[in-house]
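The two complexes that follow have subunit A in common; it is paired with subunit B in the first and with subunit C in the second.
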Partner chain A sequence: MAAVGASPSTLTDAAEVVALLVLLSEFAMLRSSLSRSQVRLYAFQSLCVSVLAAFVAATRHIGALYVLMSLSFVLKVIVVPTIILRLVREVRVDVTASHRLGVASMVLLAIVLSVFGVFVFGRLPIHSRSLPILALALAAAVILVAFLLVIVRNDVVSQAVGFFSLENGVSLASLVLAAGLPLIVEVAFLFDLLVAVVVFGVLMRVHHGRARTLSTRALDRLQG
Partner chain B sequence: MAGTELAPAEIQVLQDLTILVFAPFVSGAIAHLEARLQGRRGPRILQPYYDLAKLFRKETLVPEDASWVFLAGPVVAFACYLTVPLLIPVLTAYPLPLGYIGDILGGAFILALAGFAVALAAVETGGPYAQLGSSRAMTFAALVEPSILFITFTVALVTTTDLPYFEAAQVRSSFGQAIYPAHLLATVAFFLVVLSDTGRIPVETHASTLEFGMIDEARTLEHSGPPFALLKWGSAMKQLILYVILINVFAAPWGLAGSRQLGPVLLAIPIFIGKALCVGAIFAVIDNSFSKLRLFKITEFMAAAFLLAVLAVLVLYLGGR
Partner chain C sequence: MGALLVAILVVPLATSLACLKASARLARALSLTSGAATFGLAVALIPSHQITTALGGWLRVDALSVVFLVAVTFLYATTTIFAIGYVRTGSGPVEARYSRRFFAGLNLFAWAMAMAPVVNGLALLWVAVEVTTVVSALLVAIDDTDGAAEAAWKYVLIASMGLGIALLATVVMYYAGSTVLGGSYELSYANLLGAATRFPPEIVRLSFGLAVLGFGSKMGLVPVHTWLPDAHSEAPTPISAMLSGSLLTVSFYAILRFYQVTVRAIGPDFPRAVLLVFGLASLVLAALYLARQHDLKRLLAYSSVEHMGILAVGMSFSAPIAIVGVLLHVLAHAAAKSTAFFGAGSVIRKFGTKEMSRIQGGIGALPWSGPMLVLAVLALSAMPPFGIFRSEFLIVEGGLAGSSTAVPAVLVVFVTLAFLGLSWFATQTMLTPTPDGVVRGEENAWMPVSMVMGLAVLVLLGVHPPPQLSSLLERAAAELGAHR
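For the complex of A and B:
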């Protein structure tokens, strides 16, 4: 009891809790019906990933990770959500409620997917020195649930947020597998993300300009 | 005085009495706090006791077509609520002799039996709202069941048994255990289960008078007099029993009596009531800050609890601890 927070297993537990929060926020994105709250959840998820990056940087003494962490913090927690929120506000479409399935069945489907991801990746004979293997399994679950989010929700904001959170899952996995990945590769990842933001921004604007909605259902309709 | 040792049977009776005597108090305190948070003066904290006393003095009215089941239901339910405190750690950290006759699932079965008895008595009346309430209550109880099962799996994987005393001891054993991810997930999942089982706001409006939104409350509409008093008292006891499991098994199993001395055992009562009031305050705040879910959206709430419970088992599977 005396060495609260100091023992390595307690720290690992805390890291596991943060990794779990990443997955839970992915689930929350899947079920939330407001575009605004989806974007905020994405910001929270990115914050969790940044905290994990800081944790790995501190425990394994990798200086480059600090740079990466602050870069991704500024971009993914502040800049990207602000841009998306502003776009959402401009088009004044608030409630999307674009579920193709009922929320409960969607969550059950996502549970099945994440169980699959966790079991498959948890079985891999990988030993990481930076984070527990559980974090890798959770990252796999995050990626699968993000795919589900993109598939079952048919509005542009969900698909953008799903894509961005996919990137969060990938960075979580890379933190476990290759914490010392060269800075330049990771910065390229972030650059990719920025390009995606631009693309989705254009998509949102153009689509809303043509169809007066953010729902992708309008794309099925014949134009004549 | 403080040196006297109590027999285990006496402590067991004391556990029952604690739940029996203080359940209306905790309900009254929560109702009072809730009213205060809404800017009302609210009922007195002791109001539930006055209500019970009043109801026990009233006559019992029975619907024409109802049989003995109508009157037996409340009594059976009350007996069930008196049985569960024998199985769970209300006051002591060490298992009492009767604690071994039932595990967590056993306790859940007895609570389910109580719910079944009340629902049966409600159906017996033929009143439409009472029937609607019991049908809804049974449906949602079935939907909560998977979460309870997975929480039990978590406990079983952590302690290799599913006795509540051992889970509490495990949590007490180290601080790391208390913040272990699987444990946190199971605790939050159980918190959501308690929220729905005590008829709190995302699921049901507590003390509402609108029959269409009712679930648990509607079942008792046709009862009157002493049986109604037993039902009200029973539902307060059920709430406190669920708080006991939430607090003394999962969330904060500290402050329980470690010996059979009279002093520590008596001291455990106010400590427990204090913890129960803290949990009640959290529930009152939740009641005031969220709105009730539509009836068909309640499954979403249950799905969230199920998600947390499943994740707890997954984490244990991979964490291997």
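For the complex of A and C:
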């Protein structure tokens, strides 16, 4: 983003690359077997989304977006990852390999979902002045892979990170579709996310306190 | 009138904060007053014929909002009465701490649910629904058992993922609006409804589909209902009643707001088709699951899925009378389901189990709650003279007025099947001889009183709905495009 004097197409290309990084970090989260690295990947993904927010704020001269960007940077890159990392450290279990599927089939499934998302959303009749349409298509892929992450990984950290990264996907989509959304509403969204993080944290601790594990394999009592 | 709206939001919030500090006795008195006062304020809005706004356009209430506001606040009022009898008082610090948390949470939950129909605009509506999720997830977990922890985790995860999709729906709708209204505008209902006819159809369709999937996961529509039976069965009974009677309908309200804009933009065919698919799936699956439940609260939870299916199917019928029926169903279901949960709470207390095979002779053991629970179950099965009979009658009548008779026929068949499941429960557990070891009598007067109120409202809605309420329902149906 430092290249202020660069041509618009170069900037757009750079934005597309950053959007692609958002999707790649989602894949890495899916693949990663250490809870700590998942949380760090989430922080990196949030950073990418913040960079894109700064890009939109600069190119479209929306002052409110700078405020939003700083807020979401502080919350999603610093506060939320710190809270979850502390929780993981506290319970002293680093979940490894909680996959329901083999790594190969999991990644293959994620690729199929991403291709589906990119093609469906890429064909929508949408003309955005803030970011290329490819960013929206990638956001759709991020959301689908986030669902896969929650479904195929059975430990509470993966599932929580899956939800938070789903929210990153929606943020990315909203940068493309609704860059002008009133600031107060965006702040309300962020505040809600923070509250959700606290609730996730409380429930993770409750779960660990009762089951002595972060795996969700024990959560099979309620059926039918 | 604007001050009324502000009061509806301030009173429960202030009560919730006060409950954190107050003594147990004072917290109960405050909650009771707050519930009754909030319901009174909502009822005072019924005769108003214009749209009320407050706080510079942040709050806005039309006839549709009032219908849901009345349902939410009625449940708030009866649930506080029931909760006073249900939450055990004790002198120990553990009981005092539980009671303080419980009443603070209950009032906060009611506040969040009252906020959803009162705020102006799809974005604030989403925020309100998300707040209901986080508050209710903590309330589901409050009993601190293995089952409660499991249910709360499933609930918060599935509902939050669903609401992520609902947020995407909101953003997509914002984009649809920005093609007409320009890059930066308020997502208020007036703005959206005013410009909806010029929205791009594909985008509106995408938004509506995402909204039904997203909010549908909180409303309990099949196949995104899986958290619902767990949360309803593991939560404390007063919370189950509020989850089932008002939380699900608040999410339905959110879907109706998207429906309203979508119908204005692209006509009713697409939204009706989407709701029909989700509604029929919920109705059919829930009716089948009802027949094989062993847990009393799970039985009632599946009955909620069934009724949410009926609401969605009702919205897919073209005749205006069906929409009036759907809105009446929202009110009647809130009263009937909460009464049934209250009765179930008394039964579970008496027999110390949720397993239906171990509950015998409820009607003899509980001289008031027992018979009233049977009546509530009959009301849920759409027996006259209760309100659900009238609302389902209107829905089926509206369905038969349309082109297809197949869907109303399927509706009637599966409602009957659900009736069989529920009446099997009633005959096996309630209408059997009471075993010798069981002590006869109610635990206290609070719990039966809350049920009397629910049944009274059901009879009122079924026999003779007040004319002002009928007029409200017709105005709300007209707002949803029923005159087309």
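A few remarks follow.
Please note the rule applied: the second predicted complex is superposed on the first by the 214 of 224 C-alpha atoms of A that agree within 3 Å, B and C clash if a C-alpha of one lies under 4 Å from a C-alpha of the other, contacts with A are read in each partner's own complex, and residues count from 1 in each chain.
The rule we apply is simple: contacts are C-beta pairs under 8 Å (C-beta built on N, C-alpha and C of every residue); 3 or more make two chains touch, one makes a residue touch a chain.
Predicted model only: the values in this text are computed from it and were never measured.
If you put the two complexes together on subunit A, you find that subunit B and subunit C both fit without a clash.
Contacts of A:P125 after superposition: subunit C is touched, whereas subunit B is not reached.
Annotation for subunit A, partner touching more residues between subunit B and subunit C: C. When both complexes are overlaid on chain A, the residue A:F163 reaches subunit C alone and has no touch with subunit B. In the superposition on chain A, A:L101 contacts neither subunit B nor subunit C.
In the superposition on chain A, A:V185 contacts subunit C only, with no contact to subunit B. Legend: residue contacts after superposition of the two complexes on their common chain; A:A137 is shown touching subunit B, with no touch to subunit C.
Looking at the shared chain after the overlay, A:A58 reaches neither subunit B nor subunit C. By the touch criterion stated above, A:I78 is placed in contact with neither subunit B nor subunit C.
Annotation: apex subunit A, arms to subunit B and subunit C, angle 150° (C-alpha centres, rounded to a multiple of 10). Think of it this way: put the two complexes on top of each other by chain A, and the tightest Cα contact between subunit B and subunit C is 19 Å.
Subunit B contributes residues 174-176, 179-181, 184-185, 297, 299-300, 302-304, 306-308, 310-311, 314-315, 317-319 to its touches with subunit A in the complex. Residue ranges on subunit A touching subunit B, taken from their complex, read 1, 4, 7, 9-10, 13-14, 16-17, 20, 23-24, 27, 31, 102-104, 107-108, 110-111, 114-115, 118-119, 122, 132-134, 137. On the subunit C side of its complex with subunit A, the touching residues are 123-124, 126-127, 130-131, 133-134, 137-138, 141, 144, 146-147, 149-154, 156-157, 160-161, 164-165, 167-168, 171-172, 174-175, 178, 182-187, 200, 202-203, 206, 229-230, 233-234, 289, 292-294, 298.
Remark: subunit A residues 62, 124-126, 129, 143, 147, 150, 156, 159-160, 162-163, 166-167, 169-170, 173-174, 177-182, 185, 188-189, 192, 195-196, 198-200, 202-203, 206-207, 210-211, 216, 218-219, 221-222, 224 touch subunit C in the complex.
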